[in-house]
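As written, the chains take the letters A, B, C and D, and residue 1 is the first residue of each chain.
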Amino acid sequence: MAKKMIQAITGAEAAAYAMKQIEPDVVAAYPITPQTPIVEYYAKFVADGLVKTEMIPVESEHSAMSAVVGAAAAGARAMTATSAVGLALMHEIVYIAASMRLPVVMHVVNRALSAPLNIHCDHSDAMAERDSGWIQLYCENAQEVYDLTILAVRLAEHEDVRLPVMVNQDGFIISHGVEPVELLPDEVVKAFVGELKPLYPLLDTDHPVTYGSLDLYDYYFEHKRQQIEAMKNVLKVFPQVAEEFYKISGRKYNFVEPYKMEDAQYVMVALGSTNGTIKYVVDELREKGHKVGLLKIWMFRPFPKAEIQRWLTGRKAVVVLDRSVSFGAEAPLYEAIKSALYEAASRPLLGSFVYGLGGRDINPDLIRYAFEKAMKHELVADQEMYLGLRE
Amino acid sequence: MPLPIKKLAEVFTNKEIGITQGHRMCPGCAAPMVVKMVLMTAKALGYEPVVGLATGCLEVSTTVFPYTAWSVPYIHNAFENVAATISGVETAYRALKKAGKIPADKKYAFFAFAGDGGTYDIGLQSLSGALERGHKFIYVLYDNEGYMNTGNQRSGSTPPGADTTTAPVGKQIPGKLQLKKNIVEIVAGHENVYAATAVPAEPMDLMSKVEKALAFDGPAFLAILSPCVRFWRMDESKSVDITKLAVETKYWPLYEVERGVYRITRKPSSFKPVSEFVKMQGRFRLVLERPDADQIIKQLQDYVDRRWERLLALEQATKDKPIR
Amino acid sequence: MPAKYFEVRWHSRAGQGAKSAAQLLAEAVLDMGKYAQAFPEYGAERSGAPMRAFNRISDEKITVHSAVENPDVVVVIDDTLLSPAVVVGLKKEGVLIVNTAHPIEFVRKKTGFEGKICIVRATDIALEELKRGIPNTVMLGTIARVTGLITLETAAQRIREMFERKLPEEMIQANLRALKRGYEEVTCSG
Amino acid sequence: MAELKGWKELPIAGLVIEPGTARKYKTGDWRVKRPVYDRSKCIDCMMCWFYCPDQAIIQENAVMKGINYFYCKGCGVCANVCPKKAIEMRPETEFITKEE
């Protein structure tokens, strides 16, 4: 393993730095708070000649994703980044990128959707794309942003997958917060990601292909079935790629990160930066003798159902924290966890807490409160509760 | 200068044009003629065309899975983003060329084809962005003056008086009231561009503009009048003739704007009244039956007259004064 | 499909009016106090391309919204479309109705259909009566005669109501004559 | 739909990886009027070939060889652009029995 290089950087800089080392052929992006620093850093790398990437300073997120689709279909390694309403503006093409099986990697700096206008973190932007056919990874900190971006390239481009990946980081909390990040040497990253092997590139004029045909009731369904299969393959491929990444970095990734789970009876499940805060509370409660634990979700799409079942079956209670809502239905992560536990031999008591919308702070007191509700068995499976909300 | 038609026939005896038979456009549709003329010009000059298409008639009718009527690389992404998509393709080309990953000797030509809906309306932003960024691509608008793919709805290009399903000729309102957008001037306003109009009935003019577009160091735009025989409600064998009439009536003047310099490429010695163009098409039938039909036609005549005078003046004023 | 449904498949070219013809039949059936559906096929085809439309008819309320696969009747509006493909799925005891000036043997040879075939010179009749080669009203008369789904009177009433505000009286009369001739001038095998 | 391929056999993403497969698709059965070509009047100007939207004119080195009825939709553009009136449009029904 190469010698360690640790730098104090923001999540946005970690994202841009990983991109710099990956050095995609094309980056098309439009600035939007809080994603803007990623684009700014990258534009500077390009301007300074530190990367050979061609950057397309598009006029909207819609065109960002459209250009990325064009570039990736042409045979280039292409990346982009966005947030919130920018992602929502891309929505149509987000689906197209996945359905064309283009191995694009995109940073999503999570931010609340309008209205009212809000620039702070929640997961409603990414959750609105959860059925788009993209792989979704959620990062707890800047280190994970850096690592998972590099890992995402290999996952996306794997021949059994060929699907785009969204690497999510919490807006401002991670994107603008400075933390130490251990960086890998350029050549190690370059060797890890390797060269893109384009499949059916448009620029191969000797083998002309047609992208984006009209696909009616006699074939469309079959093409969707292929996408379903590719998503299933992610469950096989991800551990292999994670293992290879471990070899170069010493850092282990999986679908989920169990924290003090061995004998835990009361378990919290969450996405993103809140997991770090939960770890702090778990430590604190453990010191007081409570058997609590955390199951951090790294991969939300495809949803690692078997892993969830393995870790949660037989626990006394499971508390699911969602930083987004599904109006008129259960919150997305909770719904998925609840559904996964339907077949469990021994189902835990379940509780759903929505928190942090529009950047509302989530602190250890609130997490402790949620754990206490679980430990007092005051959870009602069909009753959504809210952390940090004024009644 | 473009090859004469007989010479083109020789060149393409055993050579792929790029669009093939077996597409499902209406009989007599002008759009496939336009595509043929554009791609033949590029190929005859040794270019390798790569084609992007906006959603529309041409798109759905040429690529019904598992069939494709394209024998050149082709991508359709969505309705409103063909310019952004082809800018991604073109940028990928530059990046990969720089990296030595594609043969250096290949001459690529990047085309974006779109109808008027995908250009004047929903695709305008994407087009403007790609023009401003200066990608080297050729945008070919096949203008059939409405959303014909979905059954004749009004677009920003539909002329006043035309009967469409979303601006129908009713008892109160005589169809579409507004004039067309001047898309060529909108494009020309991006300054570092080559923009031109053309018609299938003037193939040498059309193909020489394709040649100029290919040679132009920056984005190029061709606005080609492309009749929809079905919803213009006209004889399907007359789709070429009517575009000649469009030029002769000043309805579709032939000109080009190169970095702000205007040049009229066809100046007929005498003009026909615009009513001749209008009366050839059933889409104007209902408006022509109205008591105020003469007035509506007169307004259109005044407009095309003034626009022609203005074009002459612009040609004079911008001579040898490229804006960039 | 359950036997309680009677199903019709129309073959024509996009733009020839099979969609309207199917709708006209459905409306006439409704006038008879029965239930009916009419639905066309939507594809990428342009004017002139072969296309299909369908009817489902019943004495009871129809809840099924699936495709018609085994029609009782196939109607071919343009004889240049005749091929074995038009009779795919047509029930053996079903009927093939064709607008053609050719004899029944010609239709049988072109389609290979061994069941009942009915022919009518609908385009010629339309040209004679309406001065336009639009065969829909003639075909409606033929269908009334061959299937008994609707009576000539109901069909006539439907045509009158449909055209009343759009066409002058003499054109309505011409349409009614076309309808009647479609009823009378059909020739069937066996 | 037995002849249609299953999902494992199809290329991914709805791509058509073979160029010009539409050539297998017959559009000639759309035709209600048939262009009939008279060689004796033809001057091989290639206008019909140039304008035919369906590429249904067969030519070799700028010599007119006939009409490809597998594709011809019968629009009549060829007859209309022909300067020598060497192509005549006739009702398709005239030919329906002759091909037997």
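Please note the rule applied: a residue touches a chain if its C-beta (ideal position, glycine included) is under 8 Å from a C-beta of that chain, and two chains touch if they have at least 3 such contacts.
To keep track of the chains, here are their UniProt names: A = Pyruvate synthase subunit PorA; B = Thiamine pyrophosphate TPP-binding domain-containing protein; C = Pyruvate ferredoxin oxidoreductase, gamma subunit; D = Pyruvate synthase subunit PorD.
Worth saying up front: this structure is predicted, and the values here are computed from it rather than measured.
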*What chain is most central when centres are computed from CA atoms?*
B
_Pair of chains joined by more contacts [C-beta pairs], B-D or B-C_ = B-D
*Could you grab the centroid distance between chain B and chain C? Build each centroid from C-alpha atoms only and quote it in angstrom.*
41
*What is the distance, in whole Å, between the centres of chain B and chain D, each centre taken as the mean of its C-alpha atoms?*
24
*Just how far, in Å, is the C-alpha centre of chain D from the one of chain C?*
30
*With chain centres taken as the means of their Cα atoms, state the distance from chain A to chain C in Å.*
57
*asked:* Which positions in chain D are in touch with at least two other chains?
replied: 10, 14, 16, 19, 27, 30-31, 73-74
*asked:* Residues of chain A that contact two or more other chains, please.
replied: 208-216, 219
*asked:* Two-or-more-chain contact residues of chain B, please, as numbers and ranges.
replied: 24-27, 29, 60, 63-66, 68, 70-72, 229
_Applying the document's contact rule, which stretches of chain B touch chain D when the two form their complex?_
5-10, 13, 16-17, 19-33, 36, 62-72, 200, 203, 229, 235-241
_Residues of chain B defined as touching chain A within the complex_ = 48, 50, 52-53, 59-60, 63-66, 68, 70-78, 80-81, 83-96, 98-99, 101-102, 106, 108, 125-126, 128-130, 132-133
_Show me the residue ranges of chain A that touch chain D in the complex, using the header's touch definition._
99-101, 162, 199-200, 207-213, 215, 218-220, 222-223, 225-226, 229-230
*How about chain A: which of its residues touch chain B in the complex?*
25-26, 28, 52-54, 56-60, 62-64, 66-76, 78, 92-93, 96, 202-205, 208-216, 219
_Residue numbers on chain C that touch chain D, as the complex places them_ = 13, 48-50, 78-81, 101-102, 106, 109
